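Chain naming follows the written order as A, B, C, D, E and F, and within any one chain the residues start at number 1.
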């Protein structure tokens, strides 16, 4: 399946923290660069998310803001 | 200013494509890893976005989906 | 590729309206039920979106609000 | 009240799963076609969401991605 | 129609800037406090948005970030 | 830090309700005008959110819908 979201960053799961409804997933996309994702717990289970798993962080370009110092 | 969004990825602007209302900004966050951001044209001008500028890509963790092969 | 977004509604493209930066896609997901999607023009081209094409409308569950009369 | 979101899909609540803060609502918009919505628990209570209730799934067109096989 | 979004701020349209696809609407919600909204041009026309019109700015609570100095 | 989001509304925290994963923050942006924000619990703690604190509600203009009666 190919999706219209412009950003698909390959990475590896570094940490998984399941809550009651949501699961927090920390993804390392390059050495020292991490992205935090919050998905529903059921999605996390259905995708088999666990530490070490390779996956993609998918982000729509309109959801990326920029900030300058 | 410190913001509640969990992801603030440092990077450098690689390409700027202004449209009529929106501007597309390509940000290199590590060698070979790029994020595409679409902001309003007025925000891009107000922040002085141009190729080579250092900035942060700001993304809420709930806007990061994950996908597996 | 399998994605964490909970909603993947199968449908057929009924209308495509390209703008300068964005493309509007009208998707029929069942007889008389349509969903409008706005994606970047480059995504639309890269995915080969055209009238009649079968595809999925992907929506995160947190992006679905509800309203009552 | 008339809202700027382009998608207002009429449906019937099929399942309600309240959590501590959020409530998951499964809406059937046509036979066999369901949309999952996550709203705050207080919104769910204030709108009187319960199985069988008729409502609308409201989605901004920019929140609808597309994917192809 | 009553919607699950937690924020419905009453205001008056102060400025409307139509683009090719989108329309920017500046809404004054109290003296000196303005909110900028970008909606599709067709939504703006369908809702009859014009300077002076009373309306509501609708925002999901999960779309509101906070920042501190 | 200066961010591309168009809306930065100054206000004062009126109420904080921490959940297991998320925290709900009620912000008064002018007398009688409040905005509800939901952020992750860890963001709330890291920013030191508490009743009476001055902060900004940050909202992307594309996340602001409009509704008319």
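Observations on the structure shown:
The criterion applied here is as follows: a contact is a pair of C-beta atoms (placed from the backbone, for glycine too) under 8 Å apart; a residue touches a chain by one contact, two chains touch by 3 or more.
Just so we're clear, the structure is a prediction, and the values are computed from it rather than from any experiment.
Identification of common neighbours of chain B and chain C yields A, E.
In this structure chain A contacts its sequence twin chain B using mostly the same residue numbers, the overlap exceeding half. The chain pair from A-C, A-D or B-F that repeats the B-C interface, sharing more than half of its contact pairs by residue number, is A-D. Distance from the chain C centre to the chain D centre is 17 Å, each centre being the mean of its Cα atoms. Averaged C-alpha coordinates give centres for chain C and chain F that are 30 Å from one another. Touching of two or more other chains is recorded for residues 1-6, 20-21, 24, 37-40, 43, 47, 56, 58, 60-62, 65-69 of chain D. Two chains count as a pair here when they touch; such pairs are A-B, A-C, A-D, A-F, B-C, B-E, B-F, C-D, C-E, D-E, D-F, E-F.
Only residues 1-5, 20-21, 40, 60, 62 of chain F touch chain A when the two sit together in their complex. Taken together, the chain B residues at the contact with chain A in this complex read 3, 5-9, 24-25, 27, 29-31, 33, 35-39, 43, 47-49, 53-69. Listed in rising order, the residues of chain A touching chain F in the complex are 19-22, 24, 38, 62, 65-69.
By the touch criterion given at the top, residues 1-6, 37, 39-40, 42-44, 46-47, 56, 58, 61 of chain E touch chain D in their complex.
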